[in-house]
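The structure under discussion appears below in the form of structure tokens.
Chains here go by letter, A, B and C, matching the order in which they are written, and residues are numbered from 1 within each.
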């Protein structure tokens, strides 16, 4: 039979043959030491498994042997049945336990100085709390812009200020993160934007006493002006004019002429008050995926069509790619909601908190109106102006709407 | 509800349970005719006799290990450790035998035992007799660790622990022994584990254990005067540490302050901070903060000892610094 | 060193004398333990037993002799060198092998291993790997025995090294003060791990320790299985009668090293040879042959039978299933 190298310890992988205590031809007995092997742990004697005679030695003194390698032949004594060597132990499916690590050297009393990372290795980072980052992401606030004007870590309050739709004194619904309780089956919580819109319109309806004024205006003059002036402006000014741009200019000029419409209701130390803006800022209601946003078109008074077009386009793109700027949170007196390409003849928009009016533009369609006593077919839109009655009465609103209608129907349009 | 002290609440729980089940016995130093050095066992010896109320020699390894032997052979022993600091003496029995015997046996033995350890600072007992010990066994699976912060908790948690079929270490606080509070005697057995919200708020979440709970509630009062509404939790159990309600609170307040009466490194507040950060990362407006003992043993001299224990003022100031 | 048996240890009154059947049973149990340990050794060399294991060849008389005294409802606690005590108590050998091999069919489901064989249904309250760690637990079982009041006892096995650790002293003291029915059975094999007793202990006769606790104590030749039986039976009778604990020092020797990886080169070869010549199995075989209870051929046949039995049990165990990683219910293993 074969006399094999046994596994003498858990960590043993191989051994060295140190010394043969018996020579080929020697009689041997079961349990008698035949050879001394050196393992990773110690020198150990290996005994003969059977009675018999030692045969040829396969691993001489000094040889390195692996577990299970043949050390020598043994001729078993007749009669005594030697136990057949067991089949190799099945490899356990569980992963082998890592060999225990050598004992750690005792810790030095002072920690070794950690090598300072090179300045180049650490990329620049905007410092913002995890909450601030999330709120900025959800509300389209540009953290980089915020970081540019604030030193230290950007926090929730900073982001909310940027997002805030109202002035400091208007009732702003607190930006609350609703604690998540169990959601009833079939109900899906609103997205952050939707939830904010929901809150805003609710507060508006509940706190702003609005009334509406309505006027149908023809848009044929705009169509003519667009055809005449549009190509040149596109070529020279780099922007394609839209209906909105014409409305905006008409609105801006009418506002300049009617400064009472530039007021916003505000709290004067517990009493009703008003703030009057110096510049003509108009909010543009832009539809986005899942909701709407209202970027601010600032200082439109006296601007040319091309300038207005550029501002309008820039704001729309900004919003659609989620990059609001700080100015987009500034309060405005009026917003414009243009649904001329929509399906409703007329609609009443909701005044945003901090604003005092909003102009809704309905579907551009053909209508029959009296002209010089005769019916005429014209193209136009319904304008529906909602105003905050605390500041704007019927006469003021009607006068404003009338002037606006005249500008829209008759121009003139400023090109510079 | 009865208005009784923490000490009386412990005694009430022991009496009730020992009357209910004669397999329950209690062992500890001086707990027999003397009623215990903190009088938590007053009258038990007279009522239940020397077989069930056993005065032990000063030999924590001996009688805590014996508790395991009793528990695996059909009894439900309670071992009172006079000062939680002495858990150092029987640490081997707790960590290597009590926590592991069921596991090593392949789930075949059951070890329903309770170790009650009375610890904590504030009474001028100096460094070796003032530790709460509450975080020492935090990394030992197999143990259940609970911390009653009030008389009602002391009563309820002890009953729950005694009825639980696995080893429980109950950390009691010596500075709370004489404090009074409403206790629901005979009421339903509360959950052994899981936190309790003691004060609702919206501006910060404060989590504390043992005597730090009362101080955190006092801190919340101070903060309220400045218009800051803190939400205060008693963590109640350190193993298992149940963080769900605390995470929901932090999602609401965005601020976490955890308070424990142990040194900061390796304390349960560090574990809580890690778990809350993992679960509520996007809701944190500031890093989680910990208010703890400083990194040296508890000093003896009264002004020194008082200065190292987190005060309501220090807790409130920490909250403010994060807002 | 001469092994001696104190007067108190020899057949005491009130002790049920051994019958011939008992004697043959004692011999068979010693052979069974020897063959089990030899089979464990062979299995270890083939990589079936993992980590390490601690064998008790040479100490079989203690396990067998005491085992015959214990009742079914007695509690027995032992150390990491406890295979012999488990077998003496009737632990199933295949389940024991399977435990050492790490299989789910092991007596502890494969999660305990050689050092933690436990079988509470047979009163085997557990093996503890911390030297002396099991003694307080056995004291606790002794309190149970006292409370139950039906004459149970709690036996704690430990080695000479354990008499130096705090847990031993606390346990002896509590047991004596509370008059618990505990048998502290010390297998004095002269070595605490790799260090001889004279380097760690002020004296070699550990019975002196017991005298410090005013505890009833006996010293026996641990390789004389009948002496072990008689001494243990006498002390057990005292315990059952409520007369308190006893310390039983069994002078013995282990044939192999401390653990499987220890070649035990630290022992004086003359000492080893002298003890090997007093192999408890050889001694008792001769004694039984002298009593005409056994013949040489009969003894050889019995040994061959036990050897085959252990071989078969280990082969069956080696075919046992491995635990499935990811399918182990750790929650239930840890908590009731």
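Operating definition for what follows: a residue touches a chain if its C-beta (ideal position, glycine included) is under 8 Å from a C-beta of that chain, and two chains touch if they have at least 3 such contacts.
Quantities reported herein were computed from a predicted structural model and do not represent experimental measurements.
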Centre-most chain by CA centroid is B
Greatest separation from subunit A - chain, by CA centre: C
Return the distance between the CA-based centres of subunit A and subunit B, expressed in whole Å. 42
Could you give the separation in Å between the centres of subunit A and subunit C, each centre being the mean of its C-alpha atoms? 67
Any idea which subunit C residues touch subunit A in the complex? 42-48, 50-52, 102, 260-263, 265, 311, 315, 318, 322-325
Inside the complex, what are the residues of subunit A that reach subunit B? 129-134, 155-156, 177, 179-180
Report the residues of subunit A in contact with subunit C in the complex, numbered from low to high. 6-10, 41-45, 67, 83, 85-86, 88-90, 92-95, 97
Which subunit B residues qualify as touching subunit A in the complex? 248-249, 251-252, 254, 281-286
Which residues of subunit C touch subunit B in the complex? 75, 77, 106-112, 116, 118-121, 125-126, 128-130, 133-144, 146-147, 154, 166-167, 170-171, 173-174, 177-178, 332-336
